[in-house]
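Next up: the structures, one after another.
Here come two complexes built around chain A, the first alongside chain B, the second alongside chain C.
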Partner chain A sequence: MQKILTASKKERKDILFAILLLAPTLYLLLRIFILPIMQSLVWSFFKYNLMDGSAIEYVGLRNYVDISVLNDFWISMKNTSYFTGFSVLAELAIGFICALLLNQTFTGRSFFRGIIIIPWAMLTLVNGLLWNSIYQPGYGALNNILHQLHLLEAGTNPVWLSSSTNVVFFAAISDIWKMTPLMTLLLLAGMQSIPASLYEAVAIDGAGFWRKVWHVTLPQIKPSLLIALVLRVIGAFRVYDILTVFTANPNTSVSYLTYNFAFRYFYLGRASAMAWISTIFILILITIYMVLLKRQQKEQ
Partner chain B sequence: MKNLKLRSIVSFLMVTVFLSACSAVPTKTDGTNTPSNAKTSGSDSSKLSWDKVNDPSLKGQEINVLVVDTDGKIGKIFKQFTDETGIKVNELAVDYNSLYGKITTAALSNSSDIDVFEMDTIWAGQFFKGNIAEDLTNIVPEDVQKKYTKSSLSSAMFDNHLIGIPYYSSTKHFYWNKDLLKKAGYEAPPKTWDEFREVSKKLTTNGVYASGWSWKQAESLICDYVGMVYAFGGNMIGDDGKLIVNSKESIQALQYMSDLINTDKTVDPASMQWTEEDVKNAFMAGKIAMMSNWENMYPDLNDPTKSKVVNQSDVGLLPGQGSIVSSSVTGSEGIAIMKSSKKKQAALAFLHWIGSREFQIPFYSTTGTYPSLEELYSDQEIIKADKTKTLAKIMPEFQYGHNRPNAPGYVEWADILSSQVYSGLMKHQTPEQSLKEASRLIDDAIQKAAK
Partner chain C sequence: MRRAAKTAHPWRIRIFKVSPSELIPPFYLWIGLLLLTIFTLLPFLYLITSSISQTQEIISGHLFPDLPTIQNYLKLFQGDIGNDFIQALENSITVSLWTTAVTIFVGLFASYALARIKFPFRVTLLFVILAMQLLPSISIIVPLYIMMREGISISIPFTSMVILHTKPLLDTTWSLVIAYIATGLPFAIWLMTGYFQSISKEMEEAAYMDGCSKIKTMHKIILPLALPGVAATAIFTFLNAWDEFIFASAFTQTYASKTLPIAVREFIGKHSIDWGLMTAGGFVASLPPVILSLFLFKYIVSGLSDGGIKE
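Now for the complex of A and B:
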């Protein structure tokens, strides 16, 4: 503002023009991003049941208290944490190995680098439907393969998606299949930026393949690793769509439960409180990431 | 200077956000709750008139219609409406599982992108109390309302309010593979659930299961369960419209279902992951001998490109038990007008056409969906269109159909109930424990919603 007041006429014109260009973006951001966030914060302090015709009342922190003692919420939190932990660690491990392989020079490398993206490019729901058919008892691929390998006794026909824990486990498997390519690409990008001279230097010191990985690759890709980890943790924590293919049980994830509270039962007050509690969990994760990143920058 | 500029921008944004947050306080309007930023827009419902549905001034208007139409057959029939009235119809075709979300999201954002939508029987109360659908009680004349089958009319009503025009009549029916039954030594299908159990034991052989069900933890499980509870003499709806969950008959019904799958092992275990479409596919593949399913299984069951059981199947009454001849769940639906629509009169003209012979006959002949207009069941065109000769076999079940509750709150209660019934079927709990827990959780949900 101060600058606008003291600037010359031409400068003032330029600044106003810049503001004019920014205005639509700012308006859209406010309208579709900031406002709904603020709106949900306000709603979380109200009894706001949209579909039963009841009165809207200010209830203070009651929605937060109700959610914090809601058994389903903690079951869904536990399931979400399990899903996040299991899928991200597996994606990291498999993604790292794939990235190491794709970083080597071999015939057909570009082809493999290309096709690895396919699962990631698939729609989440399509991925869910694909894996749902694999998990079908009787005619599903999983049972058929296990029968042919004689790992399942003939006549046994397990229902894989029989409980919320099983659903979360098998949903995590399909998520790992879909999201490992992203992890691979992020880590591969990190590996590509490591100067060859570093490898040459440790090679002169007599380091073998694994020592190169341990002493050069891993420390060098730490920033990419952190970014990949945080992106996937946040993504996995919000898991929702794939679970809807496997079950109507909302306790399988906290986002699913929040969605049901908001858009199936229309308890908008309680759903907003639930969304804010889970946001706080995600904020904690982001804070940890920021601290780690800062420490990393200091080390450099 | 830089800091000052930054501070100014941040302060400006903070004030804007604060002001927008103030406007986010939910408010009550016209005695009904609507989203805070929602004003009941669109044309005034008091101007809606059934007499003006043929008004030439509606010509050229465009309406958006949200319906379940996965193969595009219904959309083709809608073109006839445009030809007759000049009102353009934009069909928003979705699968059933996406329907509720699309309607409620549009309502929550007060969008007028949807003018007309398909409404399942279980949503009427919510959509009325939630101010989502237009109340048609005083708009559709009473003598018109009387023309519809009891099942289809009740599915579009809540608390004596008409929320939509009856779209079709529906219950679940019993389908069986005649050849497989004959091989097992049966000429006729079972009439009671006791007989069904005995027949099932003989039918389950050579990789073929006697029956398959839509027992995935979802509404499809509740549909089978409701029919079963009534067959065992139970009742799901109390005098106050609330669910009755923990009755002696309900426990008996759930125990029976559990015995079929866990003790007799005559039910394809994949049923625990199936919805109705999966059951139909298994039946068409000849993997199951009997199923409970909705009307429009034909002509697919006799289509050689889709089915391996062409001309092998038949349809009739679902079994009963004791003095109960048969029992089924109602699945009739209505077509409603969005409260936020800006073209309500054109939408009403569409509803008028949906509930008329002009739509109902091609609807039946193209999709096999049964008419909501009572008089059409003796209409020569319908009888002529009944190529599989199943009309007379399907109709009797309609009198044994039972509605699920459609009060606001049902969606949550049904989620709880399906979770507990599923848990009983998977033997995580006994049927008695499951239903006791369901009853406790539903009571708890009702109390919390009222708090």
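Now for the complex of A and C:
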């Protein structure tokens, strides 16, 4: 406030111009993002069942208490954490190796850099359908190939998507296939800014592959590595599309369970409370992301 | 001794030797690239081969069809299935184009202001926008659903005068456009602000010196320079809208309003799955984003490295 009052005429004109340019955005975001999400916070303290005709009534923290004793919620939380941890770590490891490969100079590099974008560009839902067909017992490509490689005995025919743990594991594989390219491109951008002279300097001391990675590559790309990691955790935590193809069991992810409460049973109060639990969790991650981002900008 | 061995196998040196500035010897590099290609392309090829197989062949476990057929594709565009699928394709195009147009148009002004003008709470606003960009759809899906169910009313601020009250928007493509603007606009602003900030300030100041007005400078100097960034943002916005599933599955129940992901999802019937038809549909739905990404690879990569990643 102090700043605005003491601003000179030119500065005041600037501020006015900025407000003018920002007005449509502020109106839209307020109307279709900020106010709705606040509305949902209010509803999370109400009993609000859309379909059974019961009255909307204030229930305090009951929705949150109900969720905290709900077994399904904790199972879904565990599954989401498992999915997120497994897929993000695998993407990070594979993406790092792919980025190392694609950062070298060799003939046909742009071809290899180009093809990795194909899985990422595919529809998330089609990705789920494709892998679902691969995992089918009997005729699915996975069993087929395993039989042909004699890794599976001729008579056996495992059903891969049998338990919720298996579903989450195999959904993570398909997520790894789709999202590793993104991780690769992010890390590749970080690696491209490492000057060749750093590698040459340690090469004089006789450093091989591992020492170059450990002493040059990793410390140099640490900021982009951390940022990519947090971003992917935020991205993987919301998983829904793939799971809805694989299984009808909503306990496989928090998003799935929240969606089911909202649009299958229309318990909007409870769904809002559950959505807000996710929101708060993601907001914590966002704060970490912002701190990392600020630190990186300072270093540059 | 060692020297003798070296001269005896020059090929060995060539494929295992690594230049000081590189990390991986050629031998391992090409093994890695081979694995990378298999891992990346094999599932995608399987999608294509399934889509040109008869269901009978898929069920009997043929990875490559003995008798390739384009029947699945014909079925996709003919008869009742064809009508629904073409309608979904049109809906996807409409929703994605409208979302992109509105988002870029509105976002351009905001990101210019955020990048170029000093005003109080600028950084706070930027971080709020970043946070909005990263929040999951599930955070706002319930209130937006109710909003679409009741119709949106636009009133004059601070009064109770209603200018416009729309019909309920559930089962219309408009509900999706609005939801996608809500999630896409923060993302677009965040990206474009970065691009605007990377344009040198001297250019702009030189234009002022020559007596250009603010609007004219923005139009004549800044916009052409920022065009690649704006293009990248538009591609991302389009791809996100094309791919979106969770809002679409909650808001649209009728074939008149369903988008491609939902239409393809419905090929999973209650009792059996027509794999051929489904993979053909999946391939057609994925083709536009895949082609777009391959052709505009350069823009996508610059967009990614500038810190704007959603999914």
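Heads up, the rule we're going with is that the second predicted complex is superposed on the first by the 265 of 300 C-alpha atoms of A that agree within 3 Å, B and C clash if a C-alpha of one lies under 4 Å from a C-alpha of the other, contacts with A are read in each partner's own complex, and residues count from 1 in each chain.
We take it that a contact is a pair of C-beta atoms (placed from the backbone, for glycine too) under 8 Å apart; a residue touches a chain by one contact, two chains touch by 3 or more.
What you are looking at is a predicted structure, and each value in this text was computed from that prediction instead of being measured.
Student: For the combined arrangement obtained by superposing on chain A, do chain B and chain C clash, or do they fit?
Tutor: They clash: once the shared chain is superposed, the two partners overlap in space.
Student: If we overlay the two complexes on their shared chain A, which of chain B and chain C does A:Ala154 touch? Say first, second, both or neither.
Tutor: It touches nothing on chain B or chain C.
Student: Could you tell me if A:Tyr240 is touching chain B, chain C, both of them or neither one (first, second, both, neither)?
Tutor: Touch partner of A:Tyr240: chain C, not chain B.
Student: Classify the contacts of A:Gln39 with the two partner chains as first (chain B alone), second (chain C alone), both, or neither.
Tutor: Both partners, chain B and chain C.
Student: Of the two partner chains, chain B (first) and chain C (second), which one does A:Val69 touch, if any: first, second, both, or neither?
Tutor: In the superposition, A:Val69 contacts neither chain B nor chain C.
Student: Figure out whether A:Cys98 sits in contact with chain B (first) or chain C (second), or with both, or with neither.
Tutor: Once the two structures are laid over each other on A, A:Cys98 reaches chain C alone.
Student: Examine A:Asn249 and indicate which partner it touches, taking first as chain B and second as chain C; both and neither are also allowed.
Tutor: Touch partner of A:Asn249: chain B, not chain C.
Student: Looking at chain A, does chain C or chain B touch more of its residues?
Tutor: C
Student: Should A:Phe263 be classified as contacting the first partner (chain B), the second (chain C), both, or neither?
Tutor: The answer is both, since A:Phe263 touches chain B and chain C.
Student: Intersection of chain A residues contacting chain B with those contacting chain C?
Tutor: 3, 39, 43, 138-139, 244, 263, 268
Student: If we count contacts the way the header does, which residues on chain C are in touch with chain A in the complex?
Tutor: Chain C residues touching chain A: 18, 20-24, 26, 29, 32-33, 36-37, 39-41, 43-44, 46-47, 50, 58-61, 63, 106-107, 109-110, 112-114, 117-120, 122, 125, 127, 129-132, 134-147, 178-179, 181-183, 185-186, 189, 214, 239, 242-243, 245-246, 249-250, 260-261, 264-265, 267-268, 273, 275, 278-279, 282-283, 285-286, 289-290, 292-294, 297, 300-301, 304-305, 307, 309-311.
Student: For the complex, which residues does chain A have touching chain B?
Tutor: Within the complex, chain A contacts chain B at residues 1-3, 30, 34-35, 38-39, 41-43, 46-56, 66, 132, 135-140, 157-159, 161-163, 244, 247-251, 260, 263-268.
Student: Mind listing the chain B positions that touch chain A in their complex?
Tutor: Against chain A, the touching part of chain B is residues 1, 4-5, 8, 16-17, 20-21, 24-28, 32-36, 97, 100-101, 104-105, 108, 126-127, 129-130, 132, 216-219, 268-270, 272-273, 287, 408-409, 411-412, 415, 418-419, 422, 426, 428, 448-451.
Student: Quick one: which bits of chain A touch chain C in the complex? Just the residue numbers, please.
Tutor: On the chain A side, the touching residues are 3-4, 11, 14-15, 17-19, 21-22, 24-26, 28-29, 32-33, 36-37, 39-40, 43, 97-98, 100-101, 103-106, 112-126, 129-131, 133-134, 138-139, 141, 144-145, 177, 181-182, 185-186, 189, 196-197, 199-200, 203-204, 209, 212-213, 217, 227, 231, 234-235, 237-238, 240-241, 244-245, 254-255, 258-259, 262-263, 268, 271-272, 275-276, 278-279, 282-283, 285-286, 289-290, 293.
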